[in-house]
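Okay, handing you the structure first.
Here the chain labels run A, B, C and D in written order, and each chain numbers its own residues starting at 1.
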Amino acid sequence: MTATSSTAAGPTGLGNARIGVVTFPGTLDDRDTQRAIRLAGGEAVELWHRDKDLKQVDAVVLAGGFSYGDYLRAGAISRFSPVMEMIIEGARQGLPVLGICNGFQILTESHLLPGAMLRNNHLHFICRDQRLRVENADTAWTNSYEAGQEISIPLKNIDGRYVADERTLDELEAEGRVAFRYLGMNPNGSLRDIAGITNAAGNVVGLMPHPEHAVEPLIGTGRTDGLGFFTSVLKQLVSA
Amino acid sequence: MARVVVDVMLKPEILDPQGQAVHRALPRLGFEGIADVRQGKRFELEVEGPLDDAALARIHEMAETFLANTVIEDFTVRVDS
Amino acid sequence: MTLDTVKHAEQTPDAEQPWAELGLKPDEYARIREILGRRPTGAELAMYSVMWSEHCSYKSSKVHLRQFGEKAPANDAMLVGIGENAGVVDVGQGYAVTFKVESHNHPSYVEPYQGAATGVGGIVRDILAMGARPVAVVDPLRFGAADHPDTKRVLPGVVAGIGGYGNCLGLPNIGGEVVFDACYQGNPLVNAGCIGVMKHEDIHLAKASGAGNKVILYGARTGGDGIGGVSVLASETFDDAKPAKRPAVQVGDPFQEKLLIECTLEIFAEKLVAGIQDLGGAGLSCATSELASAGSGGMRVELDTVPLRDSSLSPEEILMSESQERMCAIVEPDKADRFLEICEKWDVIATVIGEVTDGSQLEIFWHGEQIVDVPPRSVAHDGPVYERPYARPEWQDALQADDAAKLPRPATGDGLRAQVLQLVSSPNQASKAWVTDQYDRFVQGNTVLAQPEDSGMVRIDPDTNLGVAIATDGNGRYAKLDPYTGAQLALAESYRNVAATGARPLAVSDCLNFGSPEDPAVMWQFAEATRGLADGCLALGTPVTGGNVSLYNQTGDTAIHPTPVVAVLGVIDDVSRRTPVAFAEEGQLIYLLGDTKEELGGSAWSQVVHGHLGGLPPKVDLEREKLLAEILISASRDGMVDAAHDLSDGGLIQALAESCLRGGKGARIVVPDGLDPFVFLFSESAGRAIVAVPRSEEVRFNDMCGARGLPAARIGVIDGTDITVQDQFTLPLAELREAHESTIPSLLT
Amino acid sequence: MARVVVDVMLKPEILDPQGQAVHRALPRLGFEGIADVRQGKRFELEVEGPLDDAALARIHEMAETFLANTVIEDFTVRVDS
């Protein structure tokens, strides 16, 4: 069951952008993320955790899942893979990198983003349609949204509680680096309702909910609120 | 207040996927010479009142019936000093 | 240490063997000796004892299960039938779907998390072994009384285990059941089902052919899991002191299984295997003997090459180990290197442990000495077959005579209202979101419908929108009152659920959960239920493609309710035509399809309000079920209904409440002429559904039902934020929602 | 072979819902007099070769960079005797 549809230029005509999707052992949402990229009009490029080059991609998504079973700590083992060395290097030089769920956990473990992810405060896995507010619409991955816009996309994890020390949190707030906040009920005890953050340059973004599961009207929650992540980066790459 | 530590480890004959995953990752990180890794849980209990034999017996019972699942886990209780 | 080799067995014909401790009967042991023409070695005895156990040989159930083949309806869709790891059906466009339900009841009581987790792992490997990519799981569950303290231990553990394993594999959980009944107190039922998808040409079978082909064991290392009984053998054969401790519980490693899945799919894609089998119950004994007996030749295995987690394991123990996350493949020699390479890519340990021979025996060696020399078929298939005595229990008549019709009923609208709230907030009828929110239903990006919809539905081709649907149902209360009818009601409900979402029911899998087969009353229940199911499948044209039997589900002498769980698989050409449960559009008309009679035996109402179980279950009319399904499918295809919900336990009011809550809209309802309001709301007559019809479609929909002869009564309209039953009562949705959604969380947290 | 134990605990200022859940359950199970519970991880490493300062330093580094996430966790390394 591989989606072979529309690998060429998509609706936005931005088909030349190559977006890598990393597969670690235990990654689950890589194929869905590739599909979302194609639906947005980009070209999805498979990256393997042992790869030592990034195949000339213009941006990278670290997809969701349970890399290495989330054993030890979510993202802790994946962080040390060869491909992550390249990505960490690239990210420092401005490569757009999006970490979704497990990908976000890998980004914090890699110290590309501050803070850490811990077990949900209720200790259960939770799968739900989650309302979010896009707080920062200036990043590589959010420029298709309006600041303050509300979106709904699926949330599904057991280690989704974002924590950082007060100083870091204040800094994130002051610099507008809280990219997404949970609306309604805080689903996991994340400090200051943080659902996702960005680095100072705005090229590295991580969030717990799953935009790639909200890109087709028929599937999942039936909403397409997540497509904007992928059109955002395509837009940014064209204008760059 | 006294602190009692309860260590809970999977029994040796039980598969420990977490410990295995850690063990397998070590050479990649450049750490050689570790023959095995097991991962377990550590509970730190702050105990009110005197830590006499009765209190320790109660904690032992708590470990046995609640903190550890003795079908698959072993535990030890010790006073932290 | 003396190794019990074949030679040694020949030389010591009179050596005492612990066959009784291994669960063999005297005549079974005698038969083994007769088959081999000598006494078995310890390793052979281990293999026979486990493969001839109830669990692996189906010795008590076989004679009844045969009906599923004998009465199988002619069905072009069936590609692989009963007898393989799972059945396979054609769903069109070159796709084939395989699906099966299995039980992991007993382990889940001992250690709920791991028992349930490894149950998911096992069924997923069965599906994988057919050549398919697993695409979804379902989990029909039954627990003791909701307010019993042990349920607080068992249920959260089971749910966390199913979620912990399935979520980590990346399989959306799209359906299942959560049922509470005191009869499951000491014996919860943890059934798990999986669906897989492949192209026709990718179907793989468990057989070992082609002399010289390699036997490759891959996946986890082998440990001492699940070999309890055979330790007696180890202590017999080894002079040194007691063997090391063996685990009482198996621990699953979902990460390892995920690697196994991806690795195996890559191996399939390169067409590297000639035969493949998962390792489940009876481990290597089962895999090697089944592969060899299904093939043309024999097999030779060097057991000491098996990678071990525990070096103290004896050869008998290695043969019996049920360590999880392992597979066994038959690979042509020139493809073996590539096979091993792919395993290496995925960090999966793979070892050539033997090869297919041109002989006829399964031969197993340990450090060069032969310890097994058996005809593989005698192990895998020629196990004992029992014609267990069965008899209708003497209490059955009294139970059926204890009619639910005599129970007191509410006389006023207020009384009805109170009982409606009591019903929708009862544990069995309450929202199961606390459970299902712990399962990932979105992963793989193809989920069209998931719980609490009538059936789960996944898209299998994003280009054409082809999809499959699955529902599982079972009602032990009905089956207790009448096992024949109860099994057919489970089938009918599951079939109806699939049709309600717009999918065409195609095929059936089942998990038959019963008490001890040594009790003639239980055996009668089993015989009746299988007969009912086989007759029902014939009438509906949906063959049984595979399943599982779980016996000895009892606490002391008390058996669980007979609980046949039936899974129906359906296909839908275009998932954009799926019909959801939610009443979402104000002004749409609500129709009740089918006939409502006064049928309260075994009903949710009788249980919740009166704690009563007696009388007869609702009648089954399978022709009517077929007609209803046709109407639901046509209505979905032609866009005549926007929502549909089948009626089952809890009757009309339960279904109405669920559709309204899901859509966030109320309804104004009128009791049809000639129907008593109480019966209208609470009866559980089968063959019914409610649908939401847009006004523009009303004439067309009515004409269709009229022309085909299906009773269709307009009972109301979607409107407002209350459920109002005219002249009876009004219930605000908010109050209903609170009642429906707070029960399970408050019981479990 | 020598065994080294690495204990990893959440920093005191970080909320520990697992420990709290254990703590909250205790009175229901009839265990009184426990003022607080924290839950952490325990790793048992079987070390090949001599357990000299160099080896211990390596294990310390492994704990700091890998076994613990020092953003949220503290750790201790000790030789098990």
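One rule holds for everything that comes next: contacts are C-beta pairs under 8 Å (C-beta built on N, C-alpha and C of every residue); 3 or more make two chains touch, one makes a residue touch a chain.
Source: prediction; values computed, not measured.
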Pair with more cross-chain C-beta pairs in contact, given A-B and A-D: A-D
Distance from the mean Cα position of chain C to that of chain A, given in whole angstrom: 36
Distance from the mean Cα position of chain D to that of chain A, given in whole angstrom: 31
Per-residue multi-chain contacts in chain B, two or more chains: 17, 21-22, 25, 29, 39
Interface hub residues of chain C, defined as touching at least two other chains: 253, 255-256, 347
Two or more partner chains touched - positions in chain A: 68-69, 71-72, 80
Contact pairs between chains, per stated definition: A-B, A-C, A-D, B-C, B-D
Residues of chain B that touch chain C when the two form their complex: 10-17, 20-21, 24, 69, 71-72
Of chain A, residues touching chain D in the complex: 72-73, 76, 80, 108-109, 114-116, 118-123, 163-165, 189
Sites on chain A touched by chain C in the complex: 1, 3-5, 25-26, 28-29, 31-32, 35-36, 65-66, 68-71, 124-128, 154, 156, 158, 210, 212-213, 216, 218-221
Chain B residues within the chain D interface of the complex: 1, 7-9, 19, 22, 25-26, 29, 31, 33-49, 55, 58, 62, 65-67
For the chain C and chain B complex, residues of the former touching the latter: 110-111, 114, 220, 223-225, 244-253, 255-256, 309-310, 323-324, 347
